[in-house]
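Following this line, the structures themselves.
There are two complexes below, and they share chain A, which is joined by chain B in the first and by chain C in the second.
== the complex of A and B ==
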């Protein structure tokens, strides 16, 4: 039994992943060895030089002060930042300083709302477009033009017309995540097998019933693929949008720490964004598996 | 006269009692026995004015001596009366009391104020942690904003009730330049001086602006003193800012990151980012903006016409909070305390020493020297009309305004000098007479009565 465990593909893949992780950490550690603070010079310096060093944050920090960090953070600095942020994720020091969990909640709420509205628009519209070849061709040029527009290009227009920065953020999520869903829904609906539709018409199934009982289950895997892509885009967009609009959210957190040139916090935020993005993707992968069928 | 429930509090607030701890914000009856309560009641002060004065003085003392043992030590050492006189000479306590008392009913208590995380906004920011808004009965939420364009949009959209502005912005907005036309006002100038030209360390040998052809500079916004001062400075050295160099708009917080990445060669930007560039060893301070125009305005506190009309009492309360904050900020001895209160993550999010170097004027210049310029950053709220006229001349000079400009009318409409002086006098602040104070820019006197002649006198311009 043990032998088969070691031989299983998953176990071996996991082992290789772990090795890659350790390798990355080792490279990081080796690369940042030099940037560790140099020991204070033992030769006496002039009073003027000492004062300059103090103003530049180079002398030994007094009790209670944090030492100045320059360059790329070392593993130890990174670790202590992660522990510090995760140990108190819910603190709230007024409107401009909140814990990482609160910031994440704001971002997820914006993404959720924008994505929901996108679903409500894209799936019914995709159904209509998919069922009618005429509409499909008519809508195609608009979709092709609007699809590749960067989220940030929408932002000034949204701010100007909507006149509310948080709604603008949600709008940008909506406008960027609606297209993959719309296209995939239309494609899924259009490529339902002729035979199944013919059987439905032979049995004189009413249109609404046909849509819900035949087309929807048949197109579901494609629709969910679209939703999965859209969610990935929405999560990409939120960080950029919040960096631009500010106030709350994980994007604002990155921006605020960038202002302070605090690389450890920026890297921490990048890790958090990655992990949350992965979890969202896993969730949709599960949903996708649930609706997949074998012909 | 006095309310019975207040009787004990005033004694607890007595800031000049060396024998008792100073309890600010504690309510009476918390931890003293009834007999002690009577004793406190016996020595209670007879009317609410005394009470109010003690609360104000207590807050001042608390701000000056955050550690109670230090305050007690100080009082024992110099004596109560000396201390009282010393503090009274520094702070206009009687005026503060008058201000605290004669405010009408506030139309709106919960306010949103936008700010950019720079030391120019010190009065706006410090008024929150040091309680200047609360004392006027205002519940202010300060919103850190990502850039000046967003400041403009959020004021137009009324997401913010009032805002930190660049002094030229309300002028531009009132004229409908770069946005829809909205009547904005400069209630107070936030700060004077306090900017600098910072260059990348690789340009250590290029200290003459004549060598700067082809440089890329960043300024915070088109309608900013930074843009106009940098253009003026370059043009005086024969560099045409429109053709010989590139000037790009970059939000202040992103300037240091851009300088480090080599995207720009330098910037005329607000502090603390000049000092932060030095602290991070990517830049050095070429000159302070004070060397271009000593006493130039930079940022402003602005509100819309509509807000003033709808909320006159709230506006007055805001005015008083900011004048009181500026009064505290202008005193050099308070600067270290202010640096401490505005450096945390919720406000500037900068190392305290960087903010302290900016505000105290004792700073490392990035070239290995320590400089001591106490008025590197200063705080003077008077929005002189002559400043507005100068801003308009530069907007005309560089082609931001075409055609004839009614300098006087715009300046007097946007810059609320009469109100500012009224509230400053209330706070015991001496202001110079007149509305058109004279000043010099790079050694040349500006005559606000002849703006058009001034514009035409510059060889390098974009008039045609």
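== the complex of A and C ==
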């Protein structure tokens, strides 16, 4: 029992993962050891170097923020930031200083809303396009042109017409998640096996029942693949969008902490973005597995 | 008898000048079992699909019970060559889908009862909650047959239902089919490639000719000959080969396929 546990591939892989993690921490630690004390430069510095030092906060330490002033953070500084952030994730000290959970909630709400609207548009439309070769051809040029546009390119237009940064963020999420879902739904619906449709026809199944009971389950794995891709893209885009428009959200948090020159907070936010993205993907992978069938 | 199913001057052309077959006419009486045999590509599936209402003919008409066939109908149960079960549904739910379609007003308990009766008919009660992917090819084909019977159609259309099965499994299911058809007095139209299968099951056998080029130009295919099966009704797989007249019947069909089926 124990022996097989140690031999199992998963266990060994986990062990190697742990080693890699420890190695990364060790490299980080070693790299920041020398720079951490950061003795005041004795040699005359060039203008650029002085400017750089200033940027990095070396020559003008902000009061009470000593941890931020010593270049790349050490592991200890990083650890204390993580503990500090996680121990009080819900604080709200005004527009520029909110806890990580609040910022995350803003981002997730925007992604969730934009994604939901995209689902409501893409899945019915994809159904129609997938069932009608005529509409498929009619819509194709629009989809081909609109799909490759970076979602952020829509931002100025969205800001101008909607005049609200938060809703513009939702719109950008909508526009980036709609295409993979639309294309996958149309493809999934179009490639439902002829024989299943024939069975439905010989049983005189009504169109709506056919759509829900035959086409939807048959195309569900493909549709969910589209949703999973869309969610991945949406989570990439929300960070950039929030950096651009500011206000709230995890993307704004990163940008704000960079302006505060708090690298530990920036790194912490990066890790949070990664973990949340992974959890979202895992969630959709679960859903995908639930609707996948073996032929 | 006027013919329960009447196929009149049926023709189908995918390319306008070269119809696959033309002028196909035949009748099926109620309770009759008719097989159609012919080389690959002669248009058997097309004829069956037209009768089912899944395809439309270029010329001609099909009448069932005095009414023209205009589209698919619950009155004609179809067993597809590739079983066509929905892989995301269990055996029970696959058949329940058909039963619900036939009798939308039935209660869940009545539906389940009908499903179980159909599954028992083909001897699959033990596998009723399995997915199609967990069944063997023969079992899947049985579920397809159970599904077609469950809706109590007026006639059955079978497109090479046993084509993908090994000889042993095929034999067992053939006998099951015979007993179910006798019990239910079904009218059956079936496509097969297997001469012995046709002789075992059919009351009449339609032999189809392929279309092809002759000296006089292109000639479309069609039903070349009709063979009436004179062997006794109680024939089975074991005694078939010893019956008087079996070899003449078999030789006649094989000769047709080898020498007379091509133009």
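The rule is short, and it goes like this: the second predicted complex is superposed on the first by the 265 of 295 C-alpha atoms of A that agree within 3 Å, B and C clash if a C-alpha of one lies under 4 Å from a C-alpha of the other, contacts with A are read in each partner's own complex, and residues count from 1 in each chain.
The rule is simple: contacts are C-beta pairs under 8 Å (C-beta built on N, C-alpha and C of every residue); 3 or more make two chains touch, one makes a residue touch a chain.
Just so we're clear, the structure is a prediction, and the values are computed from it rather than from any experiment.
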Touched partner set for A:250, first chain B, second chain C, both or neither: neither
Touched partner set for A:239, first chain B, second chain C, both or neither: neither
Which superposed partner A:182 touches (first chain B, second chain C, both, neither): neither
Partner chain in contact with A:223 - chain B first, chain C second, else both or neither: neither
Which of chain B and chain C A:280 touches, first, second, both or neither: neither
Which of chain B and chain C A:261 touches, first, second, both or neither: first
Touching partner for A:93 - first (chain B), second (chain C), both, neither: first
Touching partner for A:129 - first (chain B), second (chain C), both, neither: neither
First, second, both or neither for A:195, with chain B first and chain C second: second
Chain C versus chain B, contacts on chain A by residue: B
Contact footprint of chain A on chain C as seen in their complex: 52-54, 71-74, 76-78, 80, 82, 84, 86-89, 97-98, 101-102, 131-133, 151
List of chain A residues in touch with chain C within their complex: 193, 195-196, 198-199, 201-205, 209, 213-214, 217-218, 220, 291, 293-295
Residue numbers on chain A that touch chain B, as the complex places them: 48, 51-52, 55-57, 68, 70, 93-97, 159-160, 163-165, 243-247, 255-261
Contact footprint of chain A on chain B as seen in their complex: 117, 141-146, 150, 153-154, 156-157, 159, 253-254, 256-257, 260, 276, 278-281, 344-347, 349-351, 353, 357, 362-364, 368-370
